[in-house]
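See structure below.
Think of it as A, B, C, D and E in the order they're written, each chain with its own count starting at 1.
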Amino acid sequence: MLFGYEWDLSSPLAFAISILPILLTGLVVTIQAASLGFVLALVLGLVWAVLKGLPFPFIAWPARVITEFIRDTPLLVQLFFLYYVLPEYGIVLPAFMTGALALGIQYSAYTAEVYRGGLEAVGADQREAARALNLTAGRTFTHIIVPQAIPRIVPAMGNYLVSIMKDVPILSVVTVLEMLNVAKIVGDRTFDYLIPLSMVGAIYLILTLIASGGVRLLDTWLPKQGIPLK
Amino acid sequence: MSEDIIRFDKVEKRFGDLTVLNKLDFSVKRGEKVSIIGPSGSGKSTVLRILMTLEGIDGGSVTVDGEPLWHENSGDGSLKPASEKHLRKMRGKLGMVFQHFNLFPHMSVLRNITEAPVKVLGLSKAEARQRGEELLELVGLADQAQKFPSQLSGGQKQRVGIARALAMRPSILLFDEPTSALDPELVGEVLNVIGKLADEHDLTMLLVTHEMRFAREISDRVCFFDRGKIREEGTPEELFTDPSEDRTREFLSAVLDQ
Amino acid sequence: ATLAEIQERGAVRIAVANEIPYGYVDPSGEALGAGPDVAKAIMEKLGVENIEWVTTNFSSLIPGLQADRFDMVAAEMAILPDRCQQVLFSEPNTSYGEGLLVPAGNPKDIHAYEDFAENAELRVAIMAGADQLEMMQKLGVDESRLVTIAANADAISTVSTGRADAYAATSLTASGLAGQSEGVEVAGAFTDPVIDGEEVRSWGGFTFASGNEELRDAVNDALAEFKQTDEWSGIVSGYGFTQADIDGSIARSTDELCDAG
Amino acid sequence: MHWTEYFGPLMEGAWVTVQLTVLSTIFGATLAFAAGIGKISRNGAVRALAITYIEVFRGTSLLVQLFWLYFALPIAGMAMGIDLRLPPLVAGIMALSLNIGAYGAEVVRGAIQSVHKDQHEAARALNFTPRQTLWTVTIPQAVPEMMPSFGNLAVQNLKDTALVSLISLGDLAFRAEQIRNFTQDSTTIYSMLLLTYFGMALVLTAMMRLLEIRVSRWRTARS
Amino acid sequence: MSEDIIRFDKVEKRFGDLTVLNKLDFSVKRGEKVSIIGPSGSGKSTVLRILMTLEGIDGGSVTVDGEPLWHENSGDGSLKPASEKHLRKMRGKLGMVFQHFNLFPHMSVLRNITEAPVKVLGLSKAEARQRGEELLELVGLADQAQKFPSQLSGGQKQRVGIARALAMRPSILLFDEPTSALDPELVGEVLNVIGKLADEHDLTMLLVTHEMRFAREISDRVCFFDRGKIREEGTPEELFTDPSEDRTREFLSAVLDQ
């Protein structure tokens, strides 16, 4: 029994059906962790992108080193670091929060690049035209640059959302009861890992196929709205 | 002298080691239509870009409408580098039409034209809209207001570019090769619009172009640029039919041959 | 591998789960604990010279045996009916009671497993795959208040940071962990849980893949002999097992334990 | 234990990580070529196989794949009467290779398709068979295109090796966990761990960059 | 009739809705040098591409050297669509020189020439090398064998392209505007090589070109294509000096004017 659901070991099919609700409970946690991590990555990535683009080397340069460091070290180790080291300095976050934070930090290094690429893809000619029309720097950024950068950014961000979702199982090592951990516990108790783990794989496959389909749709839909992607 | 709306005094401009403008002296009178011709790399675009404050200068001074462009008077009577505020005020006197149109692809044609009047001049949406529609009428695109730039031909885009610049009611309009990115059959419609503006408005116009016949038709004066200096200038008659410099003759014969 | 294969190779693969004092590997690679030390003596008797020690998560011990990743487990895994269906157990090597690891000073004043069933505010950590889960379930502790950790050593951080209010483990595990950190201690005045009318006591033995009765029997013979010696009682008491634990270890047979429940 | 004593076990683990990275990158690259070429094959069955492989391994989490190979596959094998009990090292290398191979396949396919159609026409006019065209004309031109992406994948792969510690393979992350369990000295051990991975990634990036330069020189070799 | 090495019989070719070849009848005799001229989009390249089996046909039949190109005899005497094997056999009779050279950028000049003889014809490396060096001699590039295409000028590249096609010893050589991607000053060296080939070899040559003077010099016959059909054909004398069709005259006057 787990989360109040009993399992039925009478046949593989009955077992699979009986543990589906349990796995879906884990799926909810997976989706929550992915969403929270994604939002963090979006915000923190923007911060990095801005810092890296500042004309002050003593800010831009450390930002570059830090993002490179984040990018080159494993999520698993970053997660351990946050989970076990932060408390030594008095910061105790629940496992779920620590996990989402680790995801957010890891992926912020990637989203920072997406922002930078998206903003740089809006050519100098657009800035010059805005200058010639006497628009202020702030207005140029918010009304001319950002609206053109967003459609370039959105599909790439969508792909990272899918990636984050696939990295959530790593949070199981710090006791987050996401889908893989739930399947593993079911396995630990029934000594049957084949069915729960295969089901997790299948659910992931379905999710990511749908999500990548969505991103692809966006890729074709945006240009049709008169918003050029390149 | 007081009639000069634009004055370049010994203006220098360098890009790294390259000196692009070399102590350039150059002036334009109010209401004058001036064409700038010259070989590639001679600094023609740079002159316009300095006026539009897209590039700074490295020496000398530029005066627009009696006021220094890249400097402003500090309290004690001396000059100090222009503040953003001063630049914004000066930019209000100028409009620019770009070679590659530089329309905003995410805005409709009408919004391309009304955005700056609303946000910069503080016009109401209705006023800006009315002004925009009049201008679209002027450039012959009244029926294209709701389209997006990507749905227009090059010639149409450039006419929108002209309307957009005019919507800010500049006293000086700058054109940087407005037809050279167009297919040959689309050049005419844009030149027509520019010609009409030249005839009917007292706008000061500064036009960089390779369309010699057109330059001859509409200009009060033609300046031949070469290596960051004015090599020769004069009325179209003088310059095209009887250039005094060999360099000018050489350039004209190469260009008119094509 | 079968006994014959092991003897021919002269090497056996034995798994531990990094639990002090039952079975663990120190950073130099030396296996220590009540399980490994006894296993070393038994293997010597069986004429197996080399032991390859494998460290793994507790919850990977049974799958690992089943997947033939090692020949034997020396983790003092408790002999439980459910497990007997999956793997073979030797006769008990040790027996041990329960304990609780709590933050220093025991701020929540916890003294028994039953406290978690009664006080809905408390969260208790257990290790993935360990027997305490079953105990908690039988005591009626709600699952939402269980924090499942992957390894024993994570308990210190989990308890001292307040991610759980206590860690439920055997008494020896709890005291071993308490010795490693200032931030935690063993809950004093601990009352052993009573489940199905009986005070909980666990019996730990060596574990083998089902089908490998031959190896199990050979180990059983050697173990029975070794348990008569002072060397054996020296090993287990050296790791903190009490006389009650030592006496208890011969009070039950594996057959009884497997059939119970 | 003094922190300098951590170096010994950490370096042992780092060596395992290096082996894992190198082996799985090589096997992964092989798989990437097979699947990337398979995906644009004219043979429908080959194409379907390649697409299935790519989608399954890109579409699921690496950790799920790893656990599946380690915990579930033996049980599946038992049900079928085959011995599929992979040692952790094999399971680890397989999971990493299969995963990176699926990502690499898209890189290979993209690079192959980026070779201009003119080149195919020239090859056709010279009567090359499709296979000869692939190996003598297309792939040599596609490889330099792939290199930057492969560099990123290799670093990704290095990071992913940390996951094998969860199936008790004694890599760098596993050794660090072992020491931490013993000493509870999280700050030191994890800082050392992060720095070691960072250093390894920098070396790997530099090596891939060198390879990239070599390969692109071979493309437009200036005698 | 039996002398025809190339025959198009009512060949149709469509791209979607667009009919590019419209029941084209066309033939070339063994050893003949034929130039194809005509306006853009008239289907000139398509004819060559069909011969080189780069495009299939939608109707009619093409015969090369007495054998159907896009069909082959099935056992029972009827025709079935050509198999890859048949196409490979037929392709062996033809060589093609492309407008954009299409050299292999990752191979040296010599390997560009020897690769196919070794891989396809099964020549030994030494034989292929010797043949390659002779051909480089022929096109005047004996000293460039070890260079890579990116190190050559356009004219040199095209001469390598010709050598590469010749290395396969085709009986028919197709040229699709071999000089139109070249700077004017490089056209001559390529035309020289083609002219030399035409004079000295009994190769059948089919040449799409806009170089009228050259077509006139080397061709036995010139065909004027218009909208997927041959509008007029004849000896260069007849066609250039006294075209019978208005369309031809119009085209020639437009082209020769430039």
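The criterion applied here is as follows: contacts are C-beta pairs under 8 Å (C-beta built on N, C-alpha and C of every residue); 3 or more make two chains touch, one makes a residue touch a chain.
It should be emphasised that the depicted structure is a prediction, and the values quoted were computed from it without experimental measurement.
Chains that count as touching both subunit B and subunit E, per the definition above, do not exist in this structure. The chains that touch both subunit A and subunit E are D. In this assembly, the chain whose C-alpha centre lies farthest from subunit A is E. On a Cα centroid basis, the chain most remote from subunit B in this structure is C. The greater number of contacting C-beta pairs, out of the two interfaces A-D and A-B, is seen for A-D. For the pair subunit B and subunit C, the distance between mean C-alpha positions equals 85 Å.
Work out the mean CA point of subunit B and of subunit D, and you get 56 Å between them.
Between the Cα centres of subunit D and subunit E there is a gap of 46 Å. Multi-chain contact residues of subunit B, defined as those touching 2 or more other chains: none present. Of all residues in subunit C, those that touch two or more other chains are 63, 66, 157. Shared interface positions of subunit A, i.e. residues touching 2 or more other chains, are given as 84, 173, 184, 187, 193. Every pair of chains meeting the contact definition is listed here: A-B, A-C, A-D, C-D, D-E. Only residues 52-54, 88, 91-92, 94-96, 98, 100, 102-106, 108, 115-116, 119-120, 146-148, 150-151, 164-165, 168 of subunit E touch subunit D when the two sit together in their complex.
The residues of subunit D lying in touch with subunit E in their complex are 118-119, 121-122, 124-129, 132, 136-137, 140-141, 218-223.
Within the complex formed with subunit A, the subunit C residues making contact are 59, 62-63, 66, 86, 128-129, 133, 137, 143, 147-150, 157-158, 160-163.
The part of subunit A that touches subunit B in the complex is made up of residues 125-126, 128-129, 131-137, 139, 143-144, 147-148, 226-228.
For subunit D in complex with subunit A, the touching residues are 55-56, 58-65, 67-68, 71-73, 75-76, 79, 155, 159-163, 165-166, 173, 176-177, 180, 186-187, 190-191, 193-194, 197-198, 201-202, 205.
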